[in-house]
Every structure is written in C-alpha cells, then in structure tokens.
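Order as written gives the chain letters A, B, C, D, E and F; numbering starts at 1 within each chain.
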C-alpha cells in the first residue's frame, strides 16, 4: 500500500497539467524534464502519476554467448518485479522497428496494478491495447515483437527516455500533452508550485473570458496565492 | 470590417481545397506553397481562410542584456495587434521542445476574432485548445511553455514557416490536407483557377462513379468552364 | 476470380495479426518484412490481404525530353492494369511534399475492386478518401498533387517500400499495427505458423486473465497445437 | 570510341563548374538537378563528365524464392555491361548500413574505363579505393558488404539518386561541390550557357579583385559574350 | 578602426578555445551558445573573433509581387554594409540544396576586411573559397546558387543560427571545434573566465603528462589564478 | 600483460579489415555488428583492436538530489579503471551538443595505455586530440564539455553504441571504414574466417589486375585455402 505522504503528493500532481509542471520545473532550474516523443495512444486517458520503474533496452545481439546470456535479465522477470502503482518507463532508444510492449505483457501489467506505460520506442497490438485500457504513451505503433531488434539490459537503473534522465522512483506524470519526469527529492515543491500555477492559469482564463487584454494581465494585479 | 473585395475572395477560397490550390499554384509557377508539417489538431475543422499575421521566433538566449531586451517585442503585444479575421502564422523553426501557443493566448486570440492559428512548432494544453475550438494547425503537441526554448523576435515581417516563405497579408488557407500560402497579389487569379479545378474534379468524380476509366477521362472531352 | 487456393490462403491470413506475421517470419529468417512508415488513415479499417501490385516513382524531372517521355508509363495506365483483389503498393521514396494518391484515383481503384492502398509517401483529399472508404495506409497527408514532385517510372517491378523489398504478387497484409509483406513462395507456411501463433497468444491471454504470472507461462506447459 | 559530338560536349562540360551548371539549369526551368548527399572521397579529384549508367537497388529480402531470383539481375553482370567513359550512378536509397561499392568492383570498373562512380549510399574499403584512384562521390563510408542490406533490382532504368531523377544516358558532372545531372536532350544548350556563366564569373572575380563593389557589378556593364 | 577596448577583448578571446568558452558560459547560465552544424572548410584556420553581422534568409517565393520585392533587401546591399572585422553569420535555416555563399561574394567580403563567415546552410565553389582563404564555417557544400532556394529577408536583425540566438554585435568565436556566440554585454566577463579556464587546462595537461591520475586532479590543489 | 591467446587473436584481427569482419560475421548470423556513425578523426590511423571497456551516459539532470548523486559514478573513476590495451567505447546516445571526450581525459587515457576510443557522440579539442595521437572514432566534433548535456550512468555494463549491442570484453576493431564489434565467444572463429576472406580478396584483386571479368571470378576456381 502506498504511504500516506505519497498519496497526498500523487493527489496534488494529478491536479497539475504536465504543461504547468514543465513550466514550474524550468523556473526551478530543471530545463530538461519533458520526454520527447511519447504521446498517448488515446488522448482521452486521464492524467496519470506514478513512481518510475525503469527498463533499459539495448540493440539486438544475435547469438549472445552462453556466459553472457545468464547475466542478462529476462523481460518477464522485470514484469513480475513491478509494484502496483508504478509507471513502467522504457529506454527503448527510439526503436520503431520493433515493439517494446505488446498486448500480453500489457495485460499482465494491468493485472499487477501498474498505473501506466511510457516508451520512447513503439508498441504493438493497438486494438488489443485499447481494449485492455491501461494508459500508454508511445512514440509509435509497429508490428514486430521486441526480440527482433532489442534486448532487455536491466531494470531500475538510471536511464534516458526521450532525451530525459529518469531515475528509479522519479515521479512520472503523463497526460494529453505528453510525459514529464519530476525528480523524487523535489516532487513536493514541484507539486506545490504546480498547484499555484494552475490557480494562476484559471484566474487568467477567467480574465480572458471577460475580455481583458493580455497586456493588462501582466504584471499580475494579484498574487496567485491571494486568488484562491 | 473586411472590404467587400476581400469578402468575395475569401468566400471563393473557402470553396477550394488546399489540394486544388497547391495544384493550380504549381501550374502558375509557384512551386513551394505547401507548409510542411502543420496538421489540424482536429480533422473536422472547417476550411479556414485569412490574411497572414506573421510571428517570428528565434532560439532562447538566457540573460539577454538589458539594452537588447527593450528592443525585443513581447508576445502579448503581438497578440493585441492581431486584427479580427487574420490567421496567426508562426515561424517556430520546427521547435518541438516548447509550445508556441498555449490555451491562455489561444483563448485571447479567439476573443479577438482571429480566424485560426498555424505553427511549424508545437502547441500545448491540448484539451484546453480543443475546448476553445479555434482552428489550429501544428507540427506537434508538447508540454513546456514558449519561454523555455524561444524568444519572439518580431511580427508582421517576412518569415519562413514549414519551408515556405510567408509575407504579411498573404492569404493562408488550411484544411484537413494542411496549409497553403497564397501570395496576396495573385490571390484573385488563384481563386478563379481553383474554382475551375474544383468543377473539373467534381466532373471527374462523377465520371468515375459511372464507371468511366481514367484513361478515358484525359484528354478531357470538355473544358471545365463548359461543365458548370 | 480468385483461385480456390488463394481464397483459403487469404482467409487464413486475414485471421493473423501483422504483429504475429512479423514474429513468425522473423523466426523463419525473414528479418525485414515490416514496412516503416505507413499507418491506416482510419484505425478502424479491417485487416486487409492482397497480392502486391507495385508502383515505382522517381523524383520529378521537368522537361523530360520527348524521346524519354514516350518510354515513361502514365499513372492512369497503371491504374487500369490493376486486377480486383490486389493491394496497390507504391515506392514513393518517402516523398511528403506531394501526394502519391488523391481522391479521384482512389475512387477509380475502389471501382476496380482493389482491396487497399499502401504508400511510403503521402495521400491528399483526406475527407474525400474517408468518404470513399477504401482502406489506405500512408506515411502522411499532404495537399500538392503527384505531378509536382514525382514521376511514375514503372509498375509490377520489384520495389522498396518503407525499407522493405516488395516483389509483384507478394502478399501484403495490413492492419492497425501497419503493413507486412509476405513472400509469395512462403505464404502458405507463414499463414500456418501465424495461425499457430494466434492460438498461442489467445491461450496466453486467457492465462494472464486468470492471474498467471508471465514467468509461469514460459516454457509453455503445452504446445500451441494441442491447445486448439 | 566516343562520337565526335560527344567529345566536344564533354570537353565543354569539363570546363563548367557544377555550381554554374546548377545555376543555368535552374534558369532553364530545371529546378531539381543537384544530387543531395554524395561528395567526393578526395576533394582533389578533377571534374568528371560521363553518360549515366544507372543501377537500381532495393532493400534486402532474405530467402528470395527460386523463381524470383532467376529474374533478378546480378551485380557482376551489371558491371560487365558498363561501357568505357560512363559514370556508374546508383540509386542506393540512402543506405548507409552497407556499401554499394567496394574495392574489388571498383578495381574492375577502373579496368573497364569507367569515368567515375556516384552513389547516394555508401562505399567501403576506403584506403583501397583511394589507392585505385577512380573518382568516387558517396554519401558515406561503411564496412558491411552490399549483400547484407540490399539487392540489385536492375540497371539502365530511370532511377532516383539523392532526390534527383536520373535517366540512362543523362550527362553526369561531378566536382568538389557535388554532382549534377544534365538531361541528355538539353546538354548542348546547358553546356553553352554554362561556358557563358563561367566567362561572366571570371569577369566578376576580376572586377572584385580590383575593388569594385558588388552593387556596381549589377546590372552588368557588358554582356558576358562581349567579354571573352 | 576598432576601439581599444574591443582590441583587448578580441585579443583575449583569440587565446580561448571555443571548448573553454562553451564551458564557462554554461557555468554562467548560458546553456545554448554552441552553433549546431557549421564546421570549418579547412581545419587549419586560426581561431577567429568578430562582432556578428547577421543575415536572415527565408525560403524562396517565386513571383514575389512587385510591391513586396521593393521592400525586400538585396544580397549585394547587405555585403556592402559589412564593416571590416565583423563576422558575417547567416540564418540559412539549414538549407543544403542551395549555397548561402559562393566565391564572388566571399572574394568581395575578403576585400572589405570581413574576418570570417558562418552559415548553418551551405557554401559552393569549394576550391575557389579555399583559394581566397577567408575562414568559413558551414554545414555543407553544395552547387546550386542562393536564388534557387532562398531570399534575403533582412540583416542586422536578431536571428537563429544552428539553434542559437544571435544578436547583432554579439561576439562570434570560431575554431576547429565549431562556433560559439558570446553575448556582447557579457563578453568581458566571459573572456576573463575563459583565460582562467585555459590556465587551469594547461596545468591539468601538465599534471597528466607527469602521470598524475585524474582522481588526484580534483579537487584542485591550487586555484588556477595562482598557477600562472 | 595480455595473455598469449589474446595476443595471437589480436594479431590476427589486426590483419583483417572491418569490411571483411562485417561480411564474415553476417554470414555467421550476426547481422548488426557495424557501429553507425563513428569515423576516425584522422583517416590514417592504423587499424586498432582491443577489448571493449564500456561507458554508459544518460541525458543531463540538473540538481540530481544528494542521495542519488552518491550512487552515480564519476567520469574520472571510470578512466582510472581502464586497463592498458582496452578500447573505451561510449554509449553517448548520439549527443552532438556536448563532447563525450576532451583532450585532458584523452591524454590520461593515452598515459594509461588505452588502445583507442569510440563514441557515437562527439569529441572536443580537435587540435589537442590530434596532437595526442590516440586513435579516436567519433560521430562529430563539438565545443561544449560533457557536463553540459550528459551524466555518466555506469561502466562495464552492456550498452548500445551506434545501434549495436556492446558487451564488456567484446572485441572492438576499428579502421578507416569505421568500427565493428566482435562477440568475445566467437572472436577466434571470426578471426579465422576473416583471414580467409582477406586471402580471397587478395586473389580476386590480383585476377582483376590481370583483366579478368567479375563474371569469371565466381564461382571461384579455387578455394581460398588453396590460394595462400
């Protein structure tokens, strides 16, 4: 079960758009937290929040010699290690010629209570995935299975995904604008600032709806704190 | 209010597909009028027509020294200069890591009566944009705000957008096949030829529906003028 | 009319996902059969199967001298050569600046009973194409007509499409995961193995639905043959 | 032996830079004659001129069934068909993962009196190629042999190379600025205009050397014809 | 003549590698000052330093209507505006299909005392350019002239070049590692820190030459200031 | 000191071109052993052979929280772990905006007796690197230091480099045609077949020099074994 602190943090983050998170993290000096490429396979997915469970893939080596293959992890073992509530996020090195995830693995991940899936590669069995309904962000759709182009090299290591560093237990937030990664140690602060930003945006939208010009919106007449 | 001449021109152009406009302009010697990249965020948008209001962005420079920043334009000033009926078209240099437009600016543009938005970069707040409903053509969706990657360098200057030159007051026409730019001085001629092309296409479709082979369609038995 | 043997083969292939076909062909030593790029213009298209009718395009040459132009084929002649039940598959060299197919040609292809269309380039007249309803897989949508950027160089020759060799009469299978090419001489074997794979996948999905872990699924308790 | 007419044409073209040829062809309405990608493996090669001998490659198909393989041409047969004085120009589809030409084939081409080689793919055995000395324009250097990624599909067909249409017997001219293709039927006119352009450029360079401003160079005080 | 202050600044910057400048600017919060793409046409060029004279190009528009063409600047006018000692730096939008600079313009720029040329596009007349000897950084070599693909839209405006913002009078420094842009207002501080970095690097190289391990080099036993 | 077995293996591999190694490995079923991108910074480097010492980089994360940074390796520690005779090969994820290696680290690697360096990213301090003389294969040259864009995530792990899987202790062979990776367990067999291939190539070259047509070279009149 999720610790209470996490539950509150997740609840806050679920109320903040990735657009706002990217903005507030940039102001905090985190300039590279938006994952390039992955988009939801269905734009109607709700916003998801979860701790990163990282997967690291490398290109295919045919005939991996015996000694090495024993040292290499196996995809199904990684799957069975994922805790409920995590987001499986894969460093697929932008591989579009083979799927990182297919319907059978995704069905199992859904059973295990995984919150969502992110890959900078591709997925397959699109209709099957939509039927399962687990939220998935991917850079493309493809037919060939993973074993035709890639090997799992490890999990819960620091990875790169879509040009962004992801450490195990970072917070992954994903919605219709894509995926952002929130560093674990800064997540509470990011969530707080994100909520402030959402309030500010809501106030601005309201002003715009009344016909106020953008030039009159800034500098702001009130601090966002005093708006709510 | 729009001059009567413009109203007639716009009315004509709204009846001509970008596919037909690209074809007739090519025959007139205009070989580079289709904007590479931007597609509608919702394919059901109606065809739009408007005069180009150009925006020019350059990459981010942190710490722009004081003297220069005063010379630089500000996004909100550009927004408040746009006349009703224009199409805001941005030279975003293909930047996908930050949005050129987000929901607050788009809401204001809608209020001002802008007809549509085109960028060869990205937009953010997808659900918000869809709710506003202003027609938008973009090369991608992203989360980070403009200020994280780009600066507005000017507006109503000649720009490049998706590999095409755009001059202020060019006609921008956009539909489900993308965006074409019609030079202002040639727009009346382009519209006339475009309508002819539409009539010809309609006649061809009718012939095909009757089972006529393509080889019998050309050379054409009648001039398109005599068909209508 | 289709020979009985073909009818049975097509019927089998229509029951096998491209994802499964890509997997079984890889195991048979065919490592490069998934066409990179083309995706369906509507994900709800049914899976299609047909013999490849290949089209080969080259870049535009203005002012092709008279002698040569007579040797060059003409698009409409190619169209009128296509038999019912084939899949028109075009080597468009990834050209996105001009459409390989537009609504008039597609309407005629539908009339001729063509099963579907694949291009590693682009198509135009999106709304028209959706209205016709013929299944189309393409790498993009564009406005300019073919003649602005490309020439038809021949048909029913070996081509490359999306990085894959396609020979006339290869089997083309396409669904929501994209397009695979099945060599004609191996198609019966591929279909048989594909059906086995489908049975295995169905059994695995069933096990997963019951909560079985992936690590218990492999090695498989039963051969797929004994499952059905 | 080369016909006298060709000898004079070749002699003229060897005196015209590809930069000038690209310029004069553009003015003649040929907008797409510069081959994107291929550069000389040694910038000191002299300018070469020759009739195009086209080669067409497609991606690898493993296990091409017997019936088809007999219909496919073989690389060595193509080589033995090339006449002295031609330029071998290959449609390699931008393949960088395997070489289109290696040192043994190139040594044989040199023996046969071929003038030069152009590929929009890659070559291998760089040191060997430099030792042979036959002028080569390529988009890259690689190690794997052709058979690992590509099949020869035919020769002396119309092809695309680096985004340009090439017909058999087109004139290929290559120098340190790359490769241009001159349509056979227009070559005499292109050569004549090219020589005029060279004379004009020489006159302009002379004026610049004397310190004349560019704004005083145009409009030109004299016609280039009267300069020589 | 150059002001004394500039002379000292330029002298300092000429002693600092672009590698060091990129490093010290990053530490000062300037994260995007290295120009992606342009490399010297001859690696032996000395390091150059000069104030940016910016040029802005847009894609070609055929048949620019009369009224507009009068508003458009002309290339030769821009050339004749460049002061001695500047670096001409062009926003060529990555255009490789046409040259931004050719030998006649470059010869004139050399006559005017321009220090060097940078483009994120291409140049032509390679042998001529090497003969002139003016230092040039470019993303490629090509044959077609500028007028085939681009229009000059203005000069001494803020531009983007290789993904970097360049303002008129920024300092441009270029050497074998490429091109960096130093904001005018920060140049004195950047030069000072750059010289410190060079002293530190020299000390480290000396230590390494003596066989000291990298792990013993840091933290540094002495401040770089105390080394010189 | 190197074991005697390794010395003989290395000696054999140094006599086999990467072009031959890529060919023989492909025939053995290893289809993906040529590293895309890295080329020598000086084509005259001798062929190098060494055991892979892998380095793995991920994108920059600013403000890595304290707890994590302690778990992260440090570049200088990796350097000091490299044994004499190895080839340092870096998974730089194609990063061109920052150098993976600069002159100080390379000077230290040369001191430690490292045989060569391979990166699918970039290097900086080009003149310094050439002066040191250690053979380097890289995808580009850049100015910014590593810390501006990347973090070292580990060493002696399985990595991907230029689209190829590299395991610690794989054999890395590099020459003017680029870099190939030879699996450790298959290296003796690959070396043997490579030497056979070299003998066959030498025989073919000799035949070509005598004027034999390629069509007469195959099928071969003699086995390569009987040639030497």
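What we mean here is this: contacts are C-beta pairs under 8 Å (C-beta built on N, C-alpha and C of every residue); 3 or more make two chains touch, one makes a residue touch a chain.
Since this is a predicted model, take the numbers as computed values, not measurements.
Listed here as common contacts of chain A and chain D: C, F.
In terms of C-beta pairs in contact, the better-connected of the chain pairs B-E and B-C is B-E. Because chain D and chain E share one sequence, their contact can be compared position by position; here under half of the interface residue numbers appear on both sides. Inter-chain centre distance (chain A to chain B, centres taken as mean C-alpha positions): 33 Å. Centre-to-centre, using mean CA coordinates, chain C is 49 Å away from chain E. Of all residues in chain B, those that touch two or more other chains are 31. All chain pairs in contact, by the document's touch criterion: A-B, A-C, A-F, B-C, B-E, C-D, D-E, D-F, E-F.
Chain C makes touch with chain A in their complex at residues 17-19, 21-23, 26, 31, 34, 36, 39, 43, 176-178, 180, 201, 204-205, 208-209, 211, 213-215, 217-218. Residue ranges of chain E in contact with chain D, taken from their complex: 75-77, 79-80, 96-97, 99, 102-105, 107-108, 111, 124-127, 141-145, 147-148. On the side of chain F, the complex with chain A involves touching residues 28-32, 58-68, 72, 93, 151, 153-154, 157-160, 163-165, 167, 183-186.
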